[in-house]
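Below you'll find the structure, written out as structure tokens, and then a few comments.
Chain naming follows the written order as A, B and C, and within any one chain the residues start at number 1.
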Amino acid sequence: MTETQNGLPGSPGAGPILSVRNARYVYPRGDVVALEEISVDVPVGQSLGIVGQNGSGKTTLTKLMNGLLRPTSGSVIVDDLDTARHPVQVLAAHVGYVFQNPNHQLFAPTVADELAFGPRNIGVPEAEIAERVAEATEFFRLGDILTLHPYRISFPLRKLVGIASIFTMRPKVFILDEPTTGQDHRTTNTINRLIHELVDRGSTVICVAHDMPLLADVSERLIVMWNARLIADGTPREVFADRAVMERTHLAPPQITQFSMQLPGREGRAPALSLDELVAEYRTPGRLAGKEA
Amino acid sequence: MQGMNVSVTHVRGTSWLHRMSPIAKLSWLLAIMAFAFASYNPWPLFAIALAGIGMAATAGILKPILRILLVFAPVTASMIVIQAIAPAICQNTCTPATTLGPLTLYQEGISHGLSLSARVLSMEIIAIVALVTTNPSDLFSAFARLRVPYILNFMVSMTLQLIPVLTREVQIVLSAQRSRGMKSTGFGSVIPSFVPVFAGAFERVQQLSISLESRAFGSTGKKTSYRQIEFGTLDRIIAVAGLVVGLVGTVVGLVFWSAGQTPVIILPVWLTVTVFLIAAVMFVGVVIAALVAIARS
Amino acid sequence: MATEPYIAIADLGFSYAQGTRPALTGITLTVEQGEYVGVIGLNGAGKTTLGLCLNGIIPHMLMGEQTGTIAVAGKDPGVVPVREMARIVGMVFDNPEFQMSQVTAAEEVALGLENLGVPYADMVVRVAEALAIVGLTGYDERSPMGLSGGQQQRLAIASTLAMKPSILFMDEPTSNLDPIGKEEVFEIARRLNRDEGMTIIVAEHEVEVLAEYADRIIVLHEGRIALQGTPTEVFSQVDTMAALGLRVPQVTEFAYRIAGLGAGPVADPGARAGTAPGLTSPVAQLPVKLSTAIEWVGARG
């Protein structure tokens, strides 16, 4: 387990923005344990990836994080608010949840209305709403489609509008549920870039995904869910290198990472996360000297 | 988010009712319905309703039946209440049975209410007992065997399966909207969910129809059936018995128990008041719940 | 299995009735019996449209203007009714749940057979066989809606297999599945191809998997074929693929850059491709699989 980071520079001693403490979740009907006791602290500004098969508890965990579900025991604290004591609507201003299928979110007559819906609900004054919509329009490059009906635009664009409509609420934490599942390479790159930009601006971004290359690139920390339990927590490099965990959970690191781990002459080195990294390594003289990375 | 059960009402079991062929059950259901429409006298109908509960008990499904009845009870209750205080059947010459505060309960009204509710209740209970003990698959196979048009059968089957699916979709959409700060939880909040759910349903139907078509769905030739339902000798006897009883019963109902033949039912005053109060409580309860739901939206 | 072999498409074009631009233009390709073909391209490139032309959904069910010729196992899907093509081409789509309509899994598998009027005794055998191939034996009475995504997709495959097609077209079958589900589906495709000799055509984004199993790759771009060839031939053209906005297996791109073929990271895949590039001869034969990539690096020293 790695040390969790301190708060952002300039805010010494800042605690985690999200704290899951011994949270357990059992479905009210049928006594199915969706999540065994789990504790995880997310520092401000961290980019966290959550991986696991369907049914491993990862979705339950994220729904505990934004208050859609209340823990059966234990607690979840978000931005100093106990999720058990505040309704989802109030927590929504602090934690934004972008659903996997944008169709589940979008219902307003125009994209602009969609963007305004969230901030209006949480009581942002109209003048400021207009400002936030303008900001989102620029950030997500939605200028051409503002007046269009959400169902008239392509599915990848709808995904962006889905994220943008949470963005206008300016939550400190973003939870993205499988943002690139089913998307082609071009859209995946756009989402990748977006996540980087959100993190650069200081947002905490939690990404639930099966897309290992995406997470290798955007996440600084990965947690692995299996059978309603958290079974690994570390940097992507550490998690991918942990063959036992990968095998047990039937997850595979990105091909380039697996490749780096099987290359002769690279024993003892940490696995590569990206092409750039491995290519740079190969262009450096003395690369096969077996030195520690 | 998979993991749903399709059959909203089916409860598995091995009782005699479960084992009876769905065609036989349908035959008896039809018989009861014909009789219920023919009869106005509530007593035979209440007797049938009670017999239905008795059958449910012997088949081990009493609890599910009572639970489902709880949902339908207020409707039945409303008939008694409304008819008692504002009878539809008498023009000017209604006899008051008693007064309850500002309300006058009319003799004819109570009587009429009892008849209507008995009719509904008897059909309800028999239909629910039949549905609960029949696997939906078998039910549709029975329809097919009875030469119900394939398309109709399919549409009903599909609709039944879509109910839990669409309910789930509505719940997801509502979660998504709550996650965007939407506060209203009542009636009005469900409206915004219609667009996404309809869009989803539309997409589903599109892909489904292509998938079905690709499996020769549009064929006009003879179709065979994978699901074979039992319709043995005993089942045939039961089914025919049902039709006969239905026919005879309808005639009897028309002759002896039709509206013209049934005198106004006069209950002791205490009974009238008790029945009315129970029905009123159920009825008012539902109205209040509905108003609260609307107010919260 | 049916004895008819292959698919021959010449200059196929199609525009949807309500479309603004042609969905397919000038498609010319052949598929031999028993081939495993991967079709890749951006969303909207025409992969689904191409598949729907194979079994006659286009033009019988989806209206539009179709030009050129297409022959599937010697039959013209534009003329032959869809119910007949259904015996030759099985179709699996990207949303597992949207393909389910029956109350039990066994009935789902039997649906096609019922429609074709297959006798009951045969149906029982074929349903059991199909469920066995996809590993769902014993699931007969289960409700399809209650199954996991991976199981549903396997059920969808079984329901086409029951009709004993010789060609299976799968349109992004794993895009909505978790890693285990993806593995299961690709494993079935591999087995069907290798053990049953089925012709498999898969439209997918999972280029690493296709590189592993496909005999041939077809790259669609804006309705046209931009590239086709063996995985090695296609994926070695890293720059061209990038210009089309498509990925190649990570190990291939790695080899490309190590071999000094590219000055640095490939061109921004988000950039518009302009006119579709024609077939270019690969600069080198780069490895496309993990195993061959390791050998390749070893050979270079």
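The criterion applied here is as follows: a contact is a pair of C-beta atoms (placed from the backbone, for glycine too) under 8 Å apart; a residue touches a chain by one contact, two chains touch by 3 or more.
Quick caveat, the model's predicted, so the values are computed rather than measured.
Chemist: Going by the contact rule set out at the top, which chains touch both chain A and chain B?
Modeler: The common neighbours are C.
Chemist: Can you tell me which chain lies farthest from chain A, using the average of the Cα atoms as each chain's centre?
Modeler: B
Chemist: With centres defined as the mean C-alpha position, give me the chain B-chain C separation in Å.
Modeler: That pair's centroid distance is 47 Å.
Chemist: Calculate how many whole Å lie between the centre of chain A and the centre of chain C, each centre taken as the average of the chain's C-alpha atoms.
Modeler: About 31 Å separates the centre of chain A from that of chain C.
Chemist: What residues in chain B touch two or more of the other chains?
Modeler: Where chain B meets two or more other chains at a single residue, that happens at 203.
Chemist: When you check chain A against every other chain, which residues touch at least two of them?
Modeler: none
Chemist: Quick one: which residues in chain C touch 2 or more of the other chains?
Modeler: Residues 148-149 of chain C touch two or more partner chains.
Chemist: Of all residues in chain A, which touch chain C in the complex?
Modeler: 53-55, 154-156, 181-187, 189-190, 210, 213, 250-252, 254-256, 258-259, 262-264, 275-276, 278-279, 282
Chemist: Which stretch or stretches of chain B touch chain C in the complex?
Modeler: Spelled out, the residues of chain B in touch with chain C are 2-7, 135-137, 140, 154, 157-158, 161, 164-165, 203-204, 207-219, 221-228.
Chemist: Of all residues in chain B, which touch chain A in the complex?
Modeler: Chain B reaches chain A through residues 169, 172-173, 175-183, 192-196, 199-200, 203.
Chemist: What residues of chain A sit close enough to touch chain B in their complex?
Modeler: By the definition above, chain A touches chain B via 66, 68, 87-89, 92-93, 96-97, 99, 101, 103-107, 117-118, 121-122, 151, 165-166, 169.
Chemist: Which part of chain C faces chain A closely enough to touch in the complex?
Modeler: 42-44, 94, 148-149, 172, 175-176, 178-181, 183, 205, 208, 245-247, 249-251, 253-254, 257-258, 265, 269-270, 290, 293-294, 297-298
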